[in-house]
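Here it is, the structure in full.
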Amino acid sequence: MTHIAENKRIGVIGGAQADRASLEAAARVGRLIAEAEAVLVCGGLGGVMEAAARGAKAAGGLTVGILPGSSPSDANPFIDVPIATGLGYTRNSLVAMNADALIAIDGEYGTLSEIAYGIILGKKVIGLATWGIRGIVPADSPEEAVRLALQPESPSQGGRDGKSSR
Amino acid sequence: MTHIAENKRIGVIGGAQADRASLEAAARVGRLIAEAEAVLVCGGLGGVMEAAARGAKAAGGLTVGILPGSSPSDANPFIDVPIATGLGYTRNSLVAMNADALIAIDGEYGTLSEIAYGIILGKKVIGLATWGIRGIVPADSPEEAVRLALQPESPSQGGRDGKSSR
Amino acid sequence: MTHIAENKRIGVIGGAQADRASLEAAARVGRLIAEAEAVLVCGGLGGVMEAAARGAKAAGGLTVGILPGSSPSDANPFIDVPIATGLGYTRNSLVAMNADALIAIDGEYGTLSEIAYGIILGKKVIGLATWGIRGIVPADSPEEAVRLALQPESPSQGGRDGKSSR
Amino acid sequence: MTHIAENKRIGVIGGAQADRASLEAAARVGRLIAEAEAVLVCGGLGGVMEAAARGAKAAGGLTVGILPGSSPSDANPFIDVPIATGLGYTRNSLVAMNADALIAIDGEYGTLSEIAYGIILGKKVIGLATWGIRGIVPADSPEEAVRLALQPESPSQGGRDGKSSR
């Protein structure tokens, strides 16, 4: 695990509660991220975050959880590096900031704020059965989502033009 | 100006760039907020934020600007109480946190993050020609937007169910 | 109260618990700040913060409280403009950021962090019976503290040299 | 590297500029932290932070850098897990929050704010040639500092009484 810092970092965002299909997709996404030797970044709690981290650990990956609370022990058991922030929901921007690309799975308004921050920060945001916001690149499967997330950003794909996105 | 702290606080959110119609709507919204003796809270910069603050000051209101940068002097000239945060876009949650209700006018992804935070925090979010997100209460005019914003929240109107909102 | 934004802003920092002498000094400092038509900025809670705000309101001043919690109603009753942050103790830097000069009265480690941020940000930090840190300008009375706080910064007085300050 | 999350995390805080002796002490501290299989947490930038991370990597440790800026690439080359925050100096509280104990080496006011946060949060703060603040446990050598940092907290050692600390 030399040069961890040079590995890609993929954020997985989604709700703390999610249905079975979303959790399975998240676990598959996490596994594929780890198999690609990318680092998984997430919000560190339950639901989609935990399923993705579980998947990544099953494949021997490294997982980072950026937590809303002030105690690192709030993290789910599959997080290697918990980062306590004490910022509450305000930490959502930090999840987006620490990923090269984001994969949104299901999710509600917290996920929506992370999608918005991802696009503000010029990150590619891939969507799996999540909000239908313009600016999100839709994917049909975990495989496609991770493939898109790992793809180098094409130069013409700006993150912020946005105007037509409402 | 006794008991300022007991006055309602209405947040106006929207883009730093906006077209003429949006700016006029924002100025009108700001004026109506001030006429209702509510405090205007916004992000303190240009575009919709400045137009709303200008409208509020024209009617003698009090204006608060919660700024992304670390210098209070970044505020537009119509802000009475600039609050520097040094948090960058991460300050968007603080705008939502400091309003009893939010009026979104136009806007892009920064506005979208503020809408999301407003709904997460259980605030009523009223929309004027902005994102078509479920959870936003649409309004057709500045008058209707401010009327809705000042209306006491009805008990049945939860902020977080959200699930059907994608 | 036109042009509030152009008035000086003086931060008063100190503990949420304090002895009678400190509270009396804080109230006097608050009153003198208001009499000088400066805005009082503080952490919005009890003890020194509340005493200073009470003093400022007794003289008709404007008071801003930058709160650790996410509810504006956490503010003491003498705060005109409560700013909820939801940042916990992390909000201490924002208190320093929003003052042209700081007056520290008594206080423990939270106050110490605010003193440190004040000096980092190049603000004059005046001390009344508080930490004996180099970099703090000591004052012997509320009158002297407020006079020093309102004095224009002399050009030779750098905020960050610091090295000899331990 | 199983169970990283269960390893102790030791924060090393100190200035971005430091003299040779401090840098050597920091590198030694970093190495000893890694040899004890603890994770090094720091602010991710230069000076003491970089020397400590360099020492930890030389012994095969894991290093986390909690950065003030919004780009993970701001981290020094010895950081495995850079965490961008975009919070500026406000991130100092997060460094303290993510360590079980802190070792302060040299440093100026930024370090002082981290010491204050460490004590507020009830963490043991060990000092090597740094601020002479009551509440810091002084150490005479890197070896003693790391030994003290790894020692279980004794129950009688409260973090916040503080009152006698000025």
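Residue numbering begins at 1 within each chain, and the chains themselves are lettered A, B, C and D in the order written.
Convention: contacts are C-beta pairs under 8 Å (C-beta built on N, C-alpha and C of every residue); 3 or more make two chains touch, one makes a residue touch a chain.
Bear in mind that the values here come from a model prediction, so they are computed numbers and not experimental data.
Using the mean of the Cα atoms as each chain's centre, the chain most removed from chain C is A.
Of the two chain pairs shown, A-C and A-D, the one joined by more C-beta contacts is A-D.
Averaged C-alpha coordinates give centres for chain A and chain C that are 40 Å from one another.
Taking the mean of the C-alpha atoms as each chain's centre, chain A and chain D sit 28 Å apart.
Multi-chain contact residues of chain B, defined as those touching 2 or more other chains: 70, 86-90, 93-94, 121. Taken together, the chain A residues at the contact with chain D in this complex read 1, 4-5, 9, 39, 62, 64, 66, 70, 72, 75, 77, 79-86, 93-94, 97-98, 121. Within the complex formed with chain D, the residues of chain C that make contact are 87-90, 92-94, 108-110, 112-113, 115-117, 119-121, 130-133, 135, 160, 162-163, 165-166.
Listed in rising order, the residues of chain C touching chain A in the complex are 70, 86-90.
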